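Read the structure below first, then the notes.
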Amino acid sequence: MKIGVFICHCGENIGRTVDCVRVAKACSFFPNVVHSVEYKYMCSDPGQNMIKQAIKDLKLDGVVVGSCSPHMHEKTFRKAVSDAGVNPFLCEIANLREHVSWVHDDKEVATDKAIDLMRFAVEKVKRNAPLKTIQVPVTKRTLVIGGGIAGIQAALDVANAGYEVVLVEKEPSIGGHMSQLSETFPTLDCSQCILTPRMVEVYQHPKIKLMTYSEVEKVEGFIGNFKVTIRKKARFVDDTLCSGCGDCAIKCPIKKKALSEFDEKLAFRSAIYVPFPQAVPNIPVIDKEVCTYFKNGKCSMCVKVCGRNAIKFDQQDEFISEDIGAIIVATGYKLYTIDKKPEASEIKGYGEYGYGKYKDVVDGLQFERIASASGPTSGEFQRPSDGKTPKKIVFIQCVGSRDESKGFSYCSKICCMYTAKHAMLYKHKVHDGEAYVFYMDIRAGGKMYEEFVRRAIEEDGVKYIRGRVSRIYEEDGKYIVKGEDTLAGVPIQIDADMVVLATAMVAQTDAPKLAQTIGMPYDNYGFYSEVHPKLRPVESSTGGVFLAGACNSPRDIPDSVAMASAAAAKALVLFGSDMLEREPTIAFVNENLCAGCFYCKKVCAYNAIEVKQIKDKNGNVIKEVAFVNSGLCQGCGTCNATCPSKAIELIGYTDEQIYAEIAALM
Amino acid sequence: MDDIKKIARELFTSGKVNAVLGYVSINGQRTKPFLATKPEETDNFIINKYILNNLTVYLTKKEILKYGKIGIFAKGCDVKAIVALLQESQIKREEVYIVGINCNGVCADFDMEFSGETIALKCLNCEVRTPKLYDELIGTTEEMPKADDGKLKMIRKIEALSSAEKWDIFEEQFDKCIKCYACRQACPLCYCERCISDKSVPRWIESSASKRGNFSWNIIRAFHLAGRCIGCNECERACPMEIPLSLLNRKMAMVAQEEFKYVSGLDPNTPTLIGSYDLKDDEDFIE
Amino acid sequence: MSHQTTNHTRTMTDDIKDITSQNPDICYQCGKCSAGCPVRNYMDEAPNLIVRYIQLGLYDKAVNSSTIWLCAGCLTCTTRCPKNFELAAFMDALREIALKKGIKIKEKAILKFHKAFLKQIKNHGRSYELGLIRDYKLTTGDLMADVDAAPDMLLKGKIGIFPHNIKGKESIKRIFEKTEVK
Amino acid sequence: MQIGYYPGCSLSGTAKEYGKSVRAIFKQLDVELADVTDWSCCGATSGHVTSHKLAMALSARNLALAEKQGLKEIFAPCAACFGRLAVTKQELKNSPALKEEIEGIIEDKLNNTIEIINIIQLFQKIGKEKIAEKKVLDLKNLKAACYYGCLLVRPFNILHFDDAEQPTSFEELVKSTGAEVVEWNYKLECCGAAHSLPRKDIVVDLSKKILDDAMKHGANVLVVACPMCHSNLDMRQKNIIKANPGQKEIPVLYLSELIGLCLGLDNKQLGINLHTIDFNIRLKKNVEEEVAK
Amino acid sequence: MENKTFEPKIIAFVCNWCTYTGADLAGTSRMKYEPNVRLIKLPCTGRIDPVMILKAFEKGADGVLVSGCHPGDCHYNAGNFHARRRWIMFHKLLDFVGIDENRLHFSWVSASEGKKFVDVINGFVNKVKAKGPFEKYEKINKEFVING
């Protein structure tokens, strides 16, 4: 190999503390170095031309530039080398500016260090292989996971830009939690009134393929080239035949066996049901668990009343494969459960508030349903136990949030606002009622938010008490709420008719499962992680996967919608070009050496390692070895370090290259 | 003890296996491993206090693999190796028929009377006297002699020493190494196609029996077994230079337990120690 | 990175940290402890305020309160604290510190009871009720304490006339000598 | 079954009947109680409220003694002793430095391996079946309010017993005697504990609330597992009645006494005759019929 | 006059995305630090193999520094979590055989922590300086030369 060395003075930047002439001279004595020069500005045109000329004249096949950080000009020099006909990956950069001249004062010492760094680079380049960047095409279709307000917004934005969208929702209808809300803060406009037109727009959009009652089963591939398998769960209703007349649900004899998910278990629903009247699509599903037909085959009332023969008891789950370029994850949140057994095992739950055993101690979404005109009480405030109008309601904030003992230490962000709204809605309907809010801090940062909370206090007379409640117990039909006003320093005891717990927004129970399916990171709480909290807030660190809404952290409607539009914009940026370029730094397997322990597979964060069977000429499997899917491999090299026999190595950072650098220390 | 010959024969006659790995007696106080490929070859099979070998080492050998389904007589400690091999995809569960042995301890070496003094060190705190995984189980567990855990004491003693003192101990021990690789040969979990010590480009580990090569080899050997070693101690028994290899292996197992509550070879379905991680792994030593 | 200043003078907060192995600054003053405290109504300061005083460095206010002595050690606060702050242990520490500092105790009778109790342990190794009552009465001057219950209990044999001395009495004495806060 | 036994001071003094009944019933249930030899006071409340290390050392001494005796588990019937021993074990486990220091103070070594169990856990070990097998009398006319007090379930992070806020194990056990249990609100509220002598006023107030709540929910007997709770609820009941004319009486039994009645032991054998508030199982209607049978 | 002090040789294995970039930031901020450390850039801490650390000692390093992205910040999602687990095992092993823990240093330095990078370098260089040359390793190296 013939290596050329080029030392840049960077004006005075390197030259001031590094004796560039001495460095160049020292390098000329390194084995294989046939050319070693220094120049004022290597990155300038004349500088680059020096490199090109030397390559041509001396038939160099390796170049080391001693200059600024490779993060600055590696691309520049690699291009110059490439222009001169040498593979760009046979060019290495030694960082003589950021790592030497700018951080040391003593010229002697700095020059010595510069020579060392040059030696590392020369030793490494000797072992570099000529590589090719990988070019991959982009499929310009987007998968949106989750049909709440964030998913709806993202789907519409992408579709309106002219690209196809597949919107997957696991429930029978899109709409998400927003469809359950009564009114929205701080404007108190009716949630369904602003949401349903959007839901219909999604349904009718020619570019959106809506798949409700469906879940993402498998995600293979990589940015621009995902292959996604979607499980379309059996509805037992043929959606091409159903006209949405609703007769089946009306006639279904199962009336009091199943609690309505939409009404947060405050009302019953039939076995065949549409979750709520405005559901999109307006096609029912059959709940197998309670349906008499599935239990003993004795009922088929829905079949009888369906004029279009749409009921299909023998329907099976379907698996649909889609080619996708970008994924927008908008899977939202769930509410902290106040029952004794919240799903996460480390969560203890609130025994002191009764673990959900008191009927009139409800959570935030239950109260939304009670307050909602479309809810089980048609918007009349009635308490669940006996239907009486509560005259005294206590609201307790921060249940499950800001509580590392029983829930999560984060602030759930929206509860201050929704509690103020709840108290306000109640006071508007029950004029002689008393509303008390136990809070720790009021966090009302948002447009017109603080004003909203103040209105609840000043105009509607909601009493705010600063303190956490210690205990609730039932006595003679009242709920004794024991608290302390920490501002006055006095104990407070309220005999309430009803208690509303402002339960926290928490990650979906299956959030980690989806993250593992897609191969993207999530935090300790189960929320999906963004690459950078400030500058790249809607991108997951997995290429081509973007985040929208509360799946990333607790978020209210305006924030979720803004984030959804941002995620849509990121997908559209990706669709701006037809091809993607990727670094060729990926792992490869020496199949002869691979013993098939698959530690590489265990540590790979990208599912890039596959199992390959080696067969003899008769087709018998001799052994199983690891195989790298070059489309998925991101080049971290964790597999390389983990492999005990080094049967898998990372191109560009092979053991041999690194060994050479270490050896160059002497 | 159950009639093991009958059991072994039945494995053949019932068509469960094509070959059986077991022990045969050499004289009263010695055994050797034996691969029976026909029912009648099992007639000399024996189980006694001298079934020291961990037969699982053969399970990954090509010569044995060619027989297809193999039966194996395995003590609880040996089964731990089977579990580890399953975790590491080296064998398939359905290809191995495990005759688990309820074990009451074995001798530290051949040619000695079994007693509290001669019991093998690995037996002292054995928690798998009944194997964790088996297709059939033979024998019963009985009272086992108690003895002093000298190795543990030694580890604790070393831990309390200064770095320089520790270094001197191991320099001396590793210096004895002649790079015969008997340790590697005896280890059921050293199944690499090519050991890193044989990798020549680059040569991470000096191949000659030099001090620094020995040092690297012994450390990397221990590290490659960290979180995997199941403590059968065959390496130490095999070492002709009597290097106390189990000190390192055991120390690593102790770290695995202290840091990650991980004990190797108990459950084929648990993720391996290296190869998995926990967000809450210890951080204190990192600035 | 630690921000410890070089010439840090020890404060009561440090003493509390040493005894309880927890940092009072983790308390975010939600008041759940006070809300559930069974003896809250008898205290001069709410329990959460005692923590607040320590956070603010108002140590005198904390150690002079009746609160720290009235805390019955029922652990309701500890059990329910959203920050896992062990308030009962914190109260124990404050009492210990108050004793060491020789603070004038607000709830004298309570302290005297504890002292009388510990004296029996120190002397005999186990509790000796008659001695306890005698010592307690003598130190408090409350000679009528439990005139209503004691005779009944004596009659029923619930109060031993003679103390039971354990064999290891001397080792108990040594334990006291090494640990007792006088 | 043999189990280490740490009676604690009260069981030979103010809670004599608890000690008596514990010995009587476990004998009946074939449990051999092996006393910790030369045990000393756990330090009780007075220990930990005045000196952390004193409290640790006093309890640790007993743990060390029990270890030396070769005990694997010790049963402490007194909820306060149970709590102190368990807390000490955990704290010393958490801090090797503290453990070392305490070992110096007690001049003894500690492996800290002993399990400490309370009376309910011991019954759980024995199993309901055993109690059912030895049952002589069905206590079906008792309506019991089970009073856990503070220290059976708290501190939960150390004891990990049942549930800190809505425990049920006590009730489950009492049900096996045939007695009915009442759901009530004060089963975990504090009775005032060690303030019994110096601040009788507080204890009278707190205990009254507990008694009232139990009676309000229909209980005709209160069942406890702590000598301190018992003396506050039984002995102090006289003071409560005196201060509150019209206040009704409610007998307070130790759990061991209740089980003892079920096993056919009488008031004297169980020490129930030593209570301030009289209790006679024969005076409860229907129970008599049962006895007649 | 000052005696010529011992200048240790230190090799650092750092990840490209965090610590290497953090070192760049220290440079652009013109912070000064000890010149003894030579960085070897790897894509991720997950790529750092314990054999490299041993080899660095063999090749005469008096100290080895390992540094990468903070937990949760890994460019490759989880490379540093796997690395951390390996380090836990490896540093305990080295400590057990007598490689002074002051000679092997682990740190998280993000791309924004130029100052921390400087502190880590200076702190570690001083630690190794205090320890002096790694004579024990030099000795076994030399014996290799003589015997080999």
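Lettered A, B, C, D and E in written order, each chain numbered from 1.
One rule holds in what follows: a contact is a pair of C-beta atoms (placed from the backbone, for glycine too) under 8 Å apart; a residue touches a chain by one contact, two chains touch by 3 or more.
What you are looking at is a predicted structure, and each value in this text was computed from that prediction instead of being measured.
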Worksheet entry | Chains touching both chain A and chain B, listed by label | E
Discussion item. Tell me the chain pair with the top count of C-beta pairs in contact.
Written reply: C-D
Worksheet item: Hey, which chain is the most central one here, using CA centres?
Response: A
Worksheet, complete the sentence: In whole angstrom, the CA-centroid distance of chain A from chain D equals 52
Practice prompt. Could you please state the distance in Å, as a whole number, between where the Cα atoms of chain B are centred and where those of chain C are centred?
Written response: 56
Worksheet, complete the sentence: Cα centre of chain D to Cα centre of chain E, whole Å, reads 59
Worksheet item: If you look at chain B, which of its residues touch at least two other chains?
Response: 196, 204, 274-276, 279
Discussion item. Using the touch definition from the top, which residues of chain E touch two or more other chains?
Written reply: 55, 72, 78, 82, 86
Item to complete: Could you check chain A for residues that touch two or more other chains and list them?
Response: 352, 603, 642, 655, 659
Worksheet entry | Interchain pairs in contact, sorted by label | A-B, A-C, A-D, A-E, B-E, C-D
Response to the item:
In the complex, chain D touches chain C at residues 9-10, 12-16, 38-41, 43-54, 57-58, 61, 94-95, 105-107, 150-151, 154-157, 164-165, 188-190, 192-195, 197-199, 202, 206, 235-236, 238-239, 274, 276
Worksheet, complete the sentence: So, in the complex, the side of chain A touching chain C is made of residues 352, 398, 402-407, 440, 466-471, 482-486, 489, 491-492
Practice prompt. State the interface residues of chain A toward chain B in the complex, per the touch definition above.
Written response: 524, 592-599, 602-603, 624, 642, 644-647, 655-656, 659-660
Worksheet entry | Sites on chain E touched by chain A in the complex | 9, 11, 20-21, 23-24, 26-28, 30-33, 35, 38-44, 46-49, 52, 55-56, 59-61, 72, 75-79, 82-83, 86, 118
Worksheet entry | Of all residues in chain D, those that touch chain A in their complex | 163-166, 185
